[in-house]
Amino acid sequence: MEGLNFTENRSLIALLAAILPLFSFVFILASKKGGGANFALSTISLSFLLSIYLFSQVWNAEPEHKQLSWFLIGKVQFYAGILLNNLSVLMMVLVSGISVLVHIYSREYMKSDLNIHRYWAYLGLFCFSMLGLVISDSLLLIYLFWELVGFSSYLLIGFWFSKHAASQAAKKAFVINRIGDLGFLTGIMIIYTQFQTLDLARLFGDGGLISTSSVENGLWISGSQQMPVIWLSIAGFAFFLGAMAKSAQFPLHTWLPDAMEGPTSVSSLIHAATMVAAGVFLIARIYPVFDPLVLDVMVWIGAFTAFMAATIALTQNDIKRILAYSTISQLGFMVMALGIGAYSESIFHLTTHAFFKCLLFLAAGSVIHQIHHYCEKNSHDFDYQDIRLMGGLRKRMPFAFLGMCLASAALVGLPLTSGFLSKDSILIRAFEWAATREGVVVILPWLMVLTSWLTAFYIFRLVFKVFFGESREIKEDKLGHLNDSPVQMTYVLLILSFFCTFIVFAFNPASFESSWLWKGFQVSVIEEISIFHWMVPLILNFGSFVLIFITYKIYVLDKGLQSIEGTWFYRISNREWYFNEIYNFMFIRSVERISLLTYRFDRTVIDGLVISMATLTTTISFIIDWFDRKIIDGLVNATGSFSKYIGRFFRNFQSGRLQHYLTTMLLAVLSFFILSYLI
Amino acid sequence: MGQEQIIFYFFAASVLISALCVVVMKNLVRSIFLFFVTLFSLAALYLFALADFIALAQVVIYAGGVLVLMLFAFMLSNRELLNSLKPTASGFKINHFAGILISLLFLFILFTVIIKIDFNQLDWMQERVPINASDNTTHQIGIHTMTTYLLPFEILSVFLMMALIGAAHLARRGNKA
Amino acid sequence: MNDLIPYIPSSIRDSLASLSFFSAEISLILGFLLVILADLFFSKRYPQLSFILALLTLLLVAYQSSGFLKIDSTPMFGGMIIMDHLSILFKLLFCLASILFVLFIRFNRAFQNHDKGFGDMYAILLAVHLGLNLMAMSANLLMVYLSLEMVSLGSYLMVGYLSTGQRQTEAAMKYALFGAVCSAIMLYGMSLLYGFTGTLYLNDPAFLSGLNSVPVMASGLALIMVFIGIAFKLSLVPLHFWSPDVYEGAPTPVTAFLSTAPKIAGFAVLVKFLEIFYDPGSKTLSSSMLDLNYILAFLAILSMLLGNFVAIWQNNVKRMLAYSSIGHTGFMLMALFIFSTSGFKAIIFYMAIYVIMNMAAFMIVDEIEEKTGKQNIDEYKGLGKQNSLLMISLLIILISLTGLPPTVGFTAKFLVFSSALEAYNLSGSAILLIMIMIASLSTVVSLFYYFKVPLNAFLRESPDPVKLSIRSAKVYMGIFLAFLLLLLIVFPSMLEQLI
Amino acid sequence: MNLLSILIFLPIAAALLILVLPSGFQQRFKYISLGVSMIQFVLSVFIYTHFNNTAAGINREEQFQLIEKLPWIRLDLGSIGKLEIDYFLGIDGLSMPFLMLSALVMFVASLASWEIKTNLKAYFSLFLLLNTAVMGVFCALDFFLFYIFYELMLLPLYFLIGMWGGARREYAAIKFFLYTLFGSVFMLLVIIGLYFSVLNPATGNHTFNMVLMMDPGNYINGSVFSAMAGQSILGISARLLAFIVLFIAFAIKVPIVPLHTWLPDAHVEAPTPVSIILAGLLLKVGGYGILRICFSIFPDAAIQSAWWIGLIGLISIIYGAMNALAQTDLKRLIAYSSISHMGFVLLGIASVTTEGLSGAMLQMISHGALSAMLFFLVGMIYNRVHDREISNFRGLAELMPQFTFFVMIAFFASLGLPGFSAFMAEAFSLIGAFTSEDVNGLLPRWMAIGASVGILLSAAYFLWTLQRMFFGQVRLKGGDTWKDQLVDVNTREKFALVPLAVLALLLGIFPSLLFDKMNASVLALVQLITG
Amino acid sequence: MIPISHFMLISAGLFCIGLYAVLTRRNAIQVLIGIEFMINAAVLNFVAFGRYDKISGGGQMFALFAIVLAAAGVAVALAIILNVYKYFKSINPTKTDTLRD
């Protein structure tokens, strides 16, 4: 590691910011049980401060890129380094900032847990991998942190590992993320083959290898290297697959709702604000690699995911599950936005979404936390995440209610919220994009509008059910114990609430173009059509308000619409489009079955020289069965018994009788003689 | 056919027939005596090949040695040996098929071989000096024994000594038994 | 009448001149007589005198023989026997086998307690050894027959020497009758050969020309009949039937001897016969009457297959070793088949190792049998735990027999394979390749049965463990030989320099 | 005496010492064996630090390091010349890493040998003999010598499995033995064939020198394995046939599907230290042999069969992983996972690219450490309660948190979590396989993509096992007795586990530790194969 | 003069008779006699050929040696057979089959 020479210390600071949480991970894990909170908080805070500093240095300034050689394979030098540009510093601030808040929140929220030191350690690991991910300058390094993010989320989801569902969910999350990793890896392989480097700056920078490579005659050419153009698309799809898994896009979204088995603070940090954003971040970081075909697919996947998740969220009853689906839905928006080329809008939405979704979760967590405490105190047992059992908490937990309302408004995209800016910008772009095209694509923006309205419905259904009306389980007389969460948690809610307002991002609450953040990424590829800039928000918000009102009527005033339960629409939605069942049937069962089959194959066919697969056994069973019984175990045994048979054949001649010997011997000699001379 | 030939073929027939009888005879003692006949007839045939010393040796060693040895073996050992031997020998039987087949095959092959060869045309037969009826073969054998065949002759003595010691060892009773 | 007189003086001169080269054999004869005398007159007072005399004689013979190592081909006694480098090597091998055998008998309880004494055995051995030496040198049909008979007869006597039970006498009878039939057939074959060629000298040009002058069927028949006699000594398939029965029934030291020395001598004789047909030009065996290449290859393959495959089924250790020795014979035949100088080198090396391995194996097997009465492999259960050193030695020997590193058995096998592949390289004959394949295959197969011994001894537990003392000269010898097998792979030059 | 000779023969000396020492000392034997492996490790670290990175080795004799060359067997074979067998040792970037790995794995195996309670004298002698053989295999440059060491590994293993193994040890031992012997006997034929085809230009004799065998110029015109002559045996090109024979011999060791069935049995029945050695070193001998011998001596045949080897690698990856999924015995599961992981080695090798070969090498080293760790961990459980059935355990994480910690490290490292060596190794094996089509056109791209599914499957079975055995509520088949027996990791065990974990982590983060040492060799090897 | 082939035919006949005895007789002594026939057949051949080979005398010498060797062989074989009788109370070769696979 000699020869490390950072000319400027910005990279070093970034490195320090990333490493600090790792330090916390190692330190806390090595230290005694039960502690670590302060240490974790201080390291992440320091990281956050460093990130802020970096942000101030790098934002809209010259990007910073420093690297040093990592290892050499053959003649290809691999570098490890740090690439700081607008995107990375924004992500750094976002990740570390939200982490700080979640850390603070968790001190209270997780206080009673026995293995709390593990929790802090895991959080440290997660922050490290996430920060590492955003500052890495090479695809290989990104991949490294990418998987590490998955791993730490595995640890955090499975934090309560003695809970079966938690360990199950952790496994599911990891395995599904692995599918995405395969895509990522495939992408890396293609890129490496084509360009012999995995360096982001060299690949995607200005005048990078990607932009100089060309497509001619169905060949994708870069320098002397060429491969069929299909591989360009495959590379795009592969990277997109990786992003899909991390960002929970259809069809790899099923892990996210399950991941809600983890502590709520974790859900808030990972599954709302940061980790799921990694997918979008990846797409943004390697944006040039996607060709139009992939972008189109991205659009549709994103749109469909958004719509599907919204429909599912309509009927869920678990408070965190609703939020999870809303996350998926919003991620769909972002992906769709990237697909249509609304790059800056997507990042913008990513940022705003991080805050309001975090707030949603933390507020929900606050509710859960308090109900949990209430239950413990009153030895009352019920599912404290089920919104059907809640109600009337508006007065008891005003701060949580406030936070929740604000965040919901942002989610729906009501005016004056950050969501209004970012979400509407995406929809405007969608309309603009669709306007330049023909065919079915024109329904796309309308689908998004519909989704947006559905969002209004489901999120306010949650708000109304939890905070309005009467609780079905919590007795009025004991409500005295139930009030807002401890101060630390409340402060966090308040801070986040502030970040849900337009003021943080733009001074003009109606124009996303005025947002500093949007400007930071502005790459205009879509022709602006001004009519959409005022039409779309108008229609959207009008519809949203109408829907909120309807929701209010249904859930607070208890009128109508209860009868939809039991309809096919309800069932599909409630069972989450049956994805788990389908996957279970299609993949898990079949993999299990195949693995059993291969094992049996291994035991019988490979090991047993027996041509009897299970299916064949049924059809030509008795022949195979005979075979099976005769030659039971192994090529080795078979040859063994074969040689024994040969031996036994010859043994028959060894009768012990002299004259038999002589007869046999002479017969052999004579027959040899006759064969050679007389015939 | 001259007198010589008649005598030759008589002895030849005697060799073969007596040998066959020896083999198929049920009574062992009788068959041993017929064996005697075979050996004598063979000695006669040797004479026709102008090997008088060999004929003599045949009579002395076989008739005088081997046969007597066999008979002594019976006498010295248990009488039961003789008794038990009686029923064992039996004539041609179908379970001897393999033996018969092999013998006949051999006979066939040997006959084919012998008939195919014109011995008088063999190079060496024409080159070498044949033995005349007047030659003293005993004399020749004496010289051979002391010159060309000195080594085998001497080795033979060791051989016989070994056989003697060994056979004596096997046949004698142990000290302790 | 006096036709022969002129030849007499030269013949006598020749004989006298030959005597100086014949010193080893003369020592043997003298030793033979001395042993007989010693046994006759001093057996009561000095019971081990015959042993010491025999041992000294053999050592002397080994010393004398090795003196002629650098000799060129020397005809003796009018060409009756020819001494050359190869025959000296064979003679040294016999010495090795005989010396080990003598020591083996010395420490074998059955022989030492034999009620008819063991002195005769030494006498027979020396006579047999003389026969072996002559077999290695003989160049004349009469000498071949005589020496072969001498060895055979001596072997019958050895097998029947103790005659302490059904099995031993049965073995002796089977051996004697089977051997007598084979030698009778060989004699008939020799008579035909003589008839066709008019000479008894194998290296006489008339021999080959005479064979070529008769129909191929005739000369083929004669040769086959002679080969039957030789193959009997080698116990090649299909003339192997006697060997398992005899090896099992015979006293163990005798089995050890029979499976080594006479077998090697058989090879020596075979070489003599094959030399007739060796064509120095093409470096191959060529014969119009007998496709020697195919016959030898066929016999070798058959022997390797049968020996190894049937051995799998054996439970009696000695019987297993008997079959395995059939397999080894096939293997050696493969080396002989190549019929080149390297082939001979390889085969001599192999034989030397084979003698050591076999002797050592039988010594240890005999020791176990003597002390515990265990003859069957499945009775060896648990022996390894109680008697580690003994069983480890046996294991090393068996590994060597299989031909695996780190024992010199591997080097030996390796050399044979080397020469075989080299021959294949030169000739490209498919049959050689098949032979090599079968040889490799049988190596794997041999593992099945050889490893049954350690499998039982080490891996299985015995219900009633037997502890036997290793304080026995025989065991020390076995261990020493096993150690030698390990040592020789590291320093093969010890053996290599002799060859 | 050369450093390598010391490395090789030190264990033999120790074994002799153990044989000589009276049985009263038998409780000390394990310290002897431990001491030996520690000395070996120190020596190998010394070799590592003094290793010259720039010397490639491979087919240049002068570039090998720590060469020791003594004439050994010089049998004059008459017409075919003198037999030239040397005691020829030397290392290059291809073999040096294995020395370190061997020393480390042997160290761990020695620590695992604490569990052996019976017949210690025999056990440790055999163990040390095995140590010698393994070291020898990696150092030998004379084919004859190589073969002797190669075969020498079999015997101690046979007895180690057969005498100290589980219930079906006999079956497993003989199966293992026959399988490997089957391969090696035919290998011997090829060795001899090579011997006669190659001349040492310096002496004019035939030679067993492996390095000389790699130079086509040393082949005699018209000899069996001469590339020019293009001879064929039984209708197949002689060189191809020889390559296949050698490949099968080594592939049995690797093992590949369908020659793998000895492995699960051998691993399951073997005692823990032997499983560790089997997985940690023996399998590597196969991979090393393929690189050092098959590919180096028969590059043309290697190129011809690369596609098939790649396919076999792919099949092994998927097939092994699928089988691992179906296992109910923890040890068996790991055994099958070895098959899957070694498939990457094959795939990487078949690609004949620098990336693929480096990946394969790293994978071997990494798998050596990780499988040793895994088997050690299984051994710990088995030692405590004599059960390995996955379904008999649940919630171990609560009972044995430290143990679970190590298991998680081992599992996640094995399934290719970045930061651990296996990730780099598998990634580069795959990258190599993928680039292959562009670099040399040997492997189609779909193979690499197909093989990456193996990574997914390995995640599935490892995580499933974690979930089933370690997470959830505590529920043991043996009830409270097991609960008492299942104590957490002790110091000795930590001593064994930590170095392995550290190695895996170090190589994962700084692969240059390994890559730098072997880069020159890998380049030379690629150059040699692709010509 | 008798043609040599006649000698040979007789010897061939004798040989085969001997062979038959060896293969089929259930008595060791008869087997021995069969062997003697075979040897004698060979001797007859030698003698017949020896007639044409005066100088080297190979045929007659070989015949002489063969006869002597055969006699010695018989002595040894008989000794062995007697031992067999001692233990088996039979000299039927088909009944002495304790050694077998």
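General observations
Every chain is named by a letter (A, B, C, D and E) in the order it is written, and numbering of its residues begins at 1.
In this text, contacts are C-beta pairs under 8 Å (C-beta built on N, C-alpha and C of every residue); 3 or more make two chains touch, one makes a residue touch a chain.
Every value quoted in this text rests on a predicted model; they were computed, and no experiment measured them.
For the pair chain D and chain E, chains touching both partners: A, C.
Ranking every chain by how far its Cα centroid lies from the centroid of chain A, the top place goes to B. Comparing per-chain C-alpha centres with the mean over every protein C-alpha atom, the closest match is chain D.
Summarising the inter-chain contacts, the pair of chains with the most C-beta pairs in contact is B-E. Chain centres here are Cα means. That of chain B falls 71 Å from that of chain D.
Per-chain Cα centroids separate chain A from chain D by 37 Å.
Annotation: 6 Å between the Cα-based centres of chain B and chain E. Centres computed as Cα averages put chain B at a distance of 31 Å from chain C. Counting partner chains per residue, chain D has residues 178 touching two or more of them. Within chain C, residues 3-4, 142, 146, 149, 153, 156-157, 160, 163, 173-174, 177, 181, 192, 195, 198-199, 217, 221, 244-245, 310, 313, 448 each touch two or more of the remaining chains. Touching of two or more other chains is recorded for residues 640, 651, 654, 656, 658-659, 662-663, 666, 673, 678 of chain A. Contact between chains, as defined at the top, is found for A-B, A-C, A-D, A-E, B-C, B-E, C-D, C-E.
On the side of chain A, the complex with chain E involves touching residues 651, 654-660, 662-663, 666.
Within the complex, the chain A residues that touch chain D are 69-76, 140, 143-148, 151, 154, 158, 161-164, 166-168, 170-171, 174-175, 178-179, 181-182, 185-186, 188-190, 192-193, 225, 227, 231, 591-592, 594-596, 598-600, 602, 606-607, 634-636, 640.
The part of chain D that touches chain C in the complex is made up of residues 73-80, 83, 119, 121-122, 144, 147-149, 151-152, 154-155, 158-159, 162-163, 169-170, 173-174, 177-178, 181-182, 185-186, 188-189, 192-193, 195-197, 223-224, 231, 233-234.
Of all the residues in chain C, the ones that touch chain E in their complex are 3-4, 141-142, 145-146, 149, 153, 156-157, 160, 163, 165-167, 169-174, 176-177, 180-181, 183-185, 187-188, 190-192, 194-195, 198-200, 244-246, 248-249, 310, 313-314, 319. Taken together, the chain E residues at the contact with chain C in this complex read 4, 8, 11, 15, 18, 22, 28, 31-32, 35, 38-39, 41-43, 45-46, 48-49, 52-56, 58-59, 61-62, 65-66, 69, 72-73, 76-77, 79-81, 83-84, 86-88, 93, 96-101.
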